[in-house]
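Structure record follows, encoded as structure tokens.
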């Protein structure tokens, strides 16, 4: 259970390799929504940042749901009449339907067939299937193998256990200057699937690590939770903290080579929605923005009508939009150092924007102040174009009437937020701007 | 005056033929804004549904207008010097300018010419002209005939009468569970013109007949009125009923083979505007949506600023947009069973939407409820896509915060209303939704 | 200083020639933000309209700025070792960096070079450069001449003076029926540059002249100010008048052959923004509408957040968008009678719209009034299309509910304002409309 191999360096260019290395360590572990696989994975992440581990007992009610029994598995196989393992959990943990109850029996192919799942359209891939809340058992296998099965007496064994235990999740809180917080949430329940969502786990961990190195105005909370039941459990146990959440992102599928995809929050025009759109627009990368829908990952819970939190989802290729999704082909080849690092870079830019997005008041609102005598404007006039920083200063002065945040200004001026933010800093130094008192929420 | 030939069957597929049959019976009658033709037509419609006939005496003030004298006509012709009827009312009632005063005189071509109307761009068609509010007389004829007229002594006869009498209109009210009502209005004043508006009279009658067969939440009012003066008269005599009108449609030109045209109400974004747009969008048929303008049919009156009712206009090819409009070519060949039946189908879908469009409240708003244990969600997880009904249920749960009607939800989810409505019924059965008390208006 | 050559005729078609003549007279004068050139120019404009001249002493604080010392210049040159004037202010006043301090010295090419400005991309043109607020001196010359300079002892002379004096600006107020006013502002500080902004000065003068000839509801104020410091000075001295400004336009670059460019006010949807867009849309001319930005001419000051006035900018090709901008090629060839007159015509149409844009109330709001018996509607019905004026009357009646101005109606009806305005006059004559009391501001 050593995590010594993964340490965060301060050289950002090595982050991609380190995230990839972390994913390689996480890949073989058989995770589920409860059980040892989840704990082992969180312990590996603790090698990056000091995530706190929480345990909730089976049977605990969480809103309309109940924490299920804990599932663990040691071995599983299907043997043919000759005693050969034709399906073997040891070769891929996707072979077992996740949360399968234990079974050990011999049966005919006809009896076995309703418990077998394959993907005829991708005959070499093993699908990923689950049966968390309906007791069942099953095997997933390539369609190629399935088609070769003949009438035989099959020995079927799933050496799993479903017992009272706990649901485990990880949490890391990085306090800032204010209690207003940004939530990052990623699901940690999928077994050997890399993009979905070892990529999210790795990028969230390294994002947290980078944030720990720097001062920040906002507080940041990272959740590493099993999908659906984990976010429901966290919300159920932390209702009093919910009002402090000002912005949030669900991180998933951030390691593949596709363009970025941002799925808006239910609100649709929350600051996080505008912030991500702004950063992606100025990123020079290809991207798509999609509207909220109540299907997907844990944004379903954060954006349920009783919470309606400003939480969007940040991905590269969205779930379901790549053929390898939820199959054995979502493996180490599907994710790359470059893609992980690009995702981290965009998230750092988003965090920078959220942290610096304030509303200022122009202290000299009647006509322009004379920037030239303060050394902020060129002395020689007559040239046709404003210099970019001068233009950014003029925009900030013009719109800093207490009604426009720096993001509002960057959007209207169609300038990168970083340029507008730098202009605001220069003007503040000359007392031409003052900070509008932050609205308390 | 028998209407026995037309009875409403419960087999919808026969409605088209029945509507066509009704139009064939109505076609020869010479209607105007007052007179026997109007009464005879309404009596034919009473064979379909029990329309109540109303009579308003000539001279009665209705807002800025006055009910005109009643016009009736028995015969009309132009004879040439040889006594031949070169224009004969008996061949087409379009030959006489509607509301022509009586005349019997002999005159030269030069004297006659200012009273003759033709369509040079369609030399074989007879135009339709009226002179309701300015006493005059005239004949409409094909340009082909007009061009052949030579100097002669013409005997001109219009055996009409303009006498104190009544304006006649029909009304049918189908009470529902609430006093909130939907208004359907069609003009019944045009003589031998099929699409404009025997089609509207037929479709309105059969729509009413179908609604009588089923329970409905809203009340429905059908008006069969002469254009302009009829809707003005109804509004003038029923001001106290106006506040109950929640939605409305003027029906005209619904029998031709063109795509559907919906003209928005003056409000532009009323529920009726959104409902029709939604149904047409999901109809699989071609359609166009146009903005309100104060030119057209009786929507001019319903949408006058003193009423500003949410009344749009439902047509196939809009008035003025087909060359046969207001000519003898708007005959039985221009309308078809199929087109009439398609129009009826869309109107039934619109009525269904209006009747079922309610606002619900999710009784379990914090996170999703566990649909699986209620048998509303598939047991096996991992497949990439939600099933359509599951997706509709998730949308209904997510947006049923008391601020979104089912139509709001269908629009945002881009799902057919019927699917969303079915999802709401299933969730209501499991007590996951409750009805928000209807706003009283 | 005679302006006798320029008199305003009542024949509009001669306005273009008269404006061109005025520009020819103004062209040779060396203007700056202060000094005799400015005064001499304003005196020429006084030949058109009785502009009042204002003087503000050097050293007067105006908001964050201070009125600078007055700059005047008599001669300037660079002589080579043979005593030849290789750069001569007498040939073009652009040769001297505007506001250059006096200097008389002999220096090497290396010493001289930092004070020389050219345009390598346009080697035959002299650039226009200024150094108002940072004491400096310099020469502008064609790159062609600059490249031929050789090592030599250069005699450099700028016979200018920077002394306590005054800033001069012109103002003309044309009172109307109400104290609500329209502001027209143009900058008068540029030396021999025709489009920027002798064109604006000429068009503003003739617009004022035409307005003096006719009654007008609104008051009109014309400002002829040096750029930036002039508008700041006016605003500083007239804060109490600012609330009466309902609409405004900065006029610049209105004489070239390009299409029209309207730059919206900071508000973006002010009545002036909509009025100009409407007039240009129906002008039949090519045009572009651009969003506000805090870079440009005096709209920077009028639209500063402390004032946020509804002031846009009306130009043909916008500043910086034509290659001749701020160079000696912005000469008499760049502007034309036709272009100046077209600009004046559009401004007159805009003024007409602003002056006549009122909100009426339909006195007969329930259903349409019977236009026919008032002679406002054709007697013969049945033709497919409304006549344009009838349609305009129907729109005015339909939307005159006290919530829509005539411009609102023209926009929604997509009809020219003049047609809608004429319809409103006809309806008012028949007492079908009454004037909604003007909102007091």
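Note that the chains take the letters A, B and C in the order they are written out, and that residue 1 is the start of every chain.
To be clear about the criterion, a contact is a pair of C-beta atoms (placed from the backbone, for glycine too) under 8 Å apart; a residue touches a chain by one contact, two chains touch by 3 or more.
Model, not experiment: these values are computed from the prediction.
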Relative orientation of copies chain A and chain B, as a Cα rotation angle in degrees, nearest 5: 120
Chain C against chain B, contact positions shared by both copies (same if over half, else different): different
Inter-centroid spacing, chain C versus chain B (mean Cα positions, whole Å): 54
Residues of chain A touching at least two other chains: none
Of all residues in chain A, those that touch chain B in their complex: 63-65, 97-98, 127-134, 136, 228, 231-232, 235-236, 239, 266, 293-295, 300-301, 303-308, 319-320, 325-326
Chain C - residues contacting chain B, complex: 362, 364-370, 372-373, 379-386, 391, 394-395, 397-401, 413
